[in-house]
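Here subunit A shows up in two complexes: once beside subunit B, once beside subunit C.
And now, the complex of A and B:
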C-alpha cells in the first residue's frame, strides 16, 4: 500500500522472514547433498546430480509450504505471519526451481551438438510411454507458471492487471503443482527419481495439501453458515453490540452472499466490506489501528466511516449503513458504492 | 530432424517475442508507466527493474493498456 512504488516495503518482520527463508534453503540443500553423498553409491552419483536433485526436491518442498500457508491461515490466525510475506517465498521458490532447471539442462543436454534447450524438448519424444515419458516438459510448464507468478508479485501488477486477473493468474499455482507432481513421479518412473522414497514423499505431500484444503474449506463454510443472517426488511440483525470486542469486528454474510465486517470502536459501530481491495484479505479478522480498519494480511488501511484509504492512498471498499437499537446492531443488506460515506452508529 | 527444426523454430519465436518485450519494456518504463499508474511517479530504478521481467512476459497486455489511454491508477 504505497503512494509511490518501492521495490520492497521492508520492515523488521520481513527481514526476519527472509533471513529464515534463505537459511532454510541453504540448510536444506546442504543436508540433502551431504546425506545423499554419504549414503549413495558414489560410483553412480556425482555431486552435480545430487545438487540438481537437491534443488528440485527443495523447490518441491517449498511449493508445498506455499500451498499450505493459505489453508493454515484460514484454520488459525497463528499462521497469518507466514501469509504476510508469501510472495517472497514464491519468488525464492522460482529461483530454486529455475536453478534446478538450468543445472539439469546443462548437465543432461549441454554437451551435445544440439542447442541444449532444443535437446530438452526433442531428445525424448515418447509421450505415449509412462515409463519413459519426457517428464522434463511437465517441469517446464510448472516453471513458466512459477515465473509468471514471481514476475507479477509486485503490487504494480495487482493494480494494473486488476485484482480479478491477478488472482486468476496466481491460482495457476494449482496446475503448476499438478505438473510438478507428474514431473517428479514420471521422472522417478524413468529412473531419474533416485529412490522409491520420492514416490511416497509425493503421495504424503499430496495428501497433506488436499487434506488441508478440504479441512479449511469445511471450516470456512461452517463459519459462513454461522455468520449468515436473515433479512428484516432492508436491514440485517447482526447480533448484540456487546459481543463485538472493542476495536475488532464481527463478520456477517448477507443472504445474497456479501461479507460484511462490523467494527466497534470509540463508542460507535461501522460496517464495511470484509474484502480488502489489495488481495481480498479478510478485513473482519483485522483490527482498528489509529482509527483505521487494518487488514491482517498486508496492513492496508481504511476509514471505517468511508471505506477509503487515508490520503495519499486511493483504495476504496464498499460501506454499509448501520444502526444500533436496543443493544443490537442492524446493517443495511445492500452495500453503498465503494468509498461512499456511511455515518457510524453511536452505541448510546 | 524435422522435430528438431520445428522445435528450434518455436523457440526462435519465443525469443522474438521476448526481444519485442525488451524493446517494449524499455519504452514503457521511459514514457508509458507514469501515464497509466500514478504510483510509478517518482518510483526508483529498483522498482523498474523488479517489474521488468513481467513487462517482457506480458507486454501485449501492457501495450493494450498503454494504447487505450489507461485509466490512471492511484
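And now, the complex of A and C:
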C-alpha cells in the first residue's frame, strides 16, 4: 500500500529478491559464455555473438519464470514469496531483452547503408514464408509489449489506468510469449549447425508453461465451483461458522457472480469483497493480521468491518451485511458501497 | 500461542521461520535451473566456422584489379595470392580505391581475413599509396564446366571470418546489408565435408548488381552457371535467371 508514490518502496525482502535476481542474471550470462567457449568446436567463437545469444537466452529463461510464478502461486501459497516482487523481475526481464535487441540490432543491422531500425523490418523481406519468416519483427513485437508492461509496472499507472485495465494490459504477456517462442524457433533454433534439440528445448519450456496454466486453471475451477451458493431471499447461506478457520476466510460466489470473503476473527464474522483493490488479488486466501484483512499477494490491508484500508491509505472494497444463526453464516447477496461499514456478526 | 497464520507470508514483514526452508529450497531450485538452462542453450549454439580475422593490420603490396570486384594480386614468393578488398564496416572498397586505376601497383594496410584458402583485406584507416613494385599478372582462366549447385549466397566479408558464424537464417539481414553496401557476394556449397566457396558474378563476368540477389541472401538456393578458376580464386559465373529457393 502507498499513501504517496515513490519509485520503489524498499524493504528487506525486495532487497534480497533483487540481489538474488541480479546475481541470477549475472550467473546465467557467465555460465552461458563460459560453456559457449568451452564446448565450441572452433576456437573462433565470437564473444559478441555469444553475448547476444546469452542475453536472448537469459531473457527467454526469465520470461518462463515470470509466467510460471502465477500458476505456481495459485497451486500452492509456498510460491507467494516469488509473486511478491514479480514486477522487479518483469522490469529486469525487459532490460535483459532490450540489451539483447540493442546489441543484436547493432551487430547484425548496423554499420551499413540502411538505417538499422529500418533494416530490422526490411532486410529479410520474406513475410510470406513460414519457415523463413523474419524472426526479428516477432522479437520487436514482444519487446514493445515488455516495454509497455515495464513502463506501467508502477502503482501510479495501476491506479490511474484502473486495476481492470492494468490487468488487461499486463495479460499481453501471453501474446508476447507466443511471439518470443516463434522468434526463437525461427531465429536461434534455425541456425546452421544448430541442433534439433534446440527446438525440443523450446517445446519443453512451452509445454511446462501451458501445463502449469491448465493445471492451475483446473484447480481454480474446482475451487470456484465449490464456492457457488444459491439465494435464500436476499441472503445466502454460506455454511457453518465452525468450518471457517480462525483469522481466515471462506470464499463464496453469489448467483450474480460476486465473490465474497467471509472472515472469522475474535468471536465474530465479517464479509468483504474477495477482490483486492490493488491487483485484484484473492483476499479470501489472505488472513487477519493485526485485526486487518491482509491480501496474500502484496499484503494490502482492509478493516473487515468497513472494507477500508487503515489511514493514511485510502483504498476501499465492497462490504456485505452478515448474520449468524444456528451456527450458520448468512451473507447479503447485494454488496454495500465500497468502504461502507457493515457490522460484523457475533458468533454467539 | 501459535496459530494458522504464523507462516502467512507478507512481503513487508519479517519472514516467518516456517517459510525459511521453503525459500531456501526455491533458491536452490532456481540456481539449478539457471545453471542447467544456460549450459544447455550454450551447447546448442551454431558452429562459428573456421574463418580468421587478424587482430592487427598488415602491409600489402600488389596489383589492383576490379575484375569484377576490387581485388589485390600479391606475389608471395613466386605464388600469386588474390585478396578481395573491402572497407571497414559493411561497405565495399570501390570508393576508397577510386583514385587508383586498374592494374596499378599499390601499397595498402589492412586486416587479413581468410577462410577456405580465400583471402580478403579489410582496409585499415590509413593512407594507400602507389607502390614501386612490379605488376603481378592475372592468372590464366580455366573453365571447369557448367554446373547446377545448391548452396547459399553469402556476403564474403562475414563468411570469410568477420562474423562467426556468417551464414544461415540468423545472419540473413546482415548479409543483405553487407551486399547492399558493396561487399562482394560469394556462393557457398556444402555438399560433403568442408564448405566450398566461389566468388559470384554475372554470367558475363561482371559484378552482380546487389538488388538482383539481396532477397535470396542466406536462403538455401539452387543456381546454375560456369565455374572458372583464376589461379587461387574460383569464380561462379552464374545465370541469375536460374536462381531459385530450395526450401
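Just so it is clear, the second predicted complex is superposed on the first by the 336 of 348 C-alpha atoms of A that agree within 3 Å, B and C clash if a C-alpha of one lies under 4 Å from a C-alpha of the other, contacts with A are read in each partner's own complex, and residues count from 1 in each chain.
The definition used in the following text is that contacts are C-beta pairs under 8 Å (C-beta built on N, C-alpha and C of every residue); 3 or more make two chains touch, one makes a residue touch a chain.
Every value quoted in this text rests on a predicted model; they were computed, and no experiment measured them.
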| item | value |
| --- | --- |
| Partner chain in contact with A:125 - subunit B first, subunit C second, else both or neither | both |
| Contacts of A:294 with subunit B and subunit C, given as first, second, both or neither | second |
| Which superposed partner A:318 touches (first subunit B, second subunit C, both, neither) | neither |
| Partner chain in contact with A:197 - subunit B first, subunit C second, else both or neither | second |
| Which of subunit B and subunit C A:115 touches, first, second, both or neither | first |
| Residues of subunit A touched, compared between subunit B and subunit C (which is higher) | C |
| Touching partner for A:13 - first (subunit B), second (subunit C), both, neither | second |
| Which superposed partner A:303 touches (first subunit B, second subunit C, both, neither) | neither |
| Subunit B versus subunit C as contact partner of A:160, first or second or both or neither | first |
| Subunit C-contacting residues of subunit A that also contact subunit B | 114, 125 |
| Complex contacts: residues of subunit A adjacent to subunit B | 2-7, 114-115, 117-118, 121-122, 125, 147-148, 150-152, 154-157, 159-161, 313-314 |
| Residues of subunit C that touch subunit A when the two form their complex | 3-5, 8-15, 19, 22-23, 26-27, 30-31, 33-35, 37-52, 89-91, 161, 163-165, 167-174, 176-178, 180-181, 215, 219, 247 |
| Residue numbers on subunit A that touch subunit C, as the complex places them | 9, 11-14, 20, 24, 27-29, 31-36, 39-42, 44-46, 49-50, 53-54, 57-58, 61, 65, 77-82, 84-85, 107-109, 111-114, 119-120, 123-126, 131-132, 134-136, 186-195, 197-198, 201, 245-248, 286-289, 294, 296, 298-299 |
| Residues of subunit B touching subunit A in the complex | 3-4, 7-8, 11, 36-37, 39-44, 46-47, 49-51, 53-54, 57-58, 61-62, 65, 73-74 |
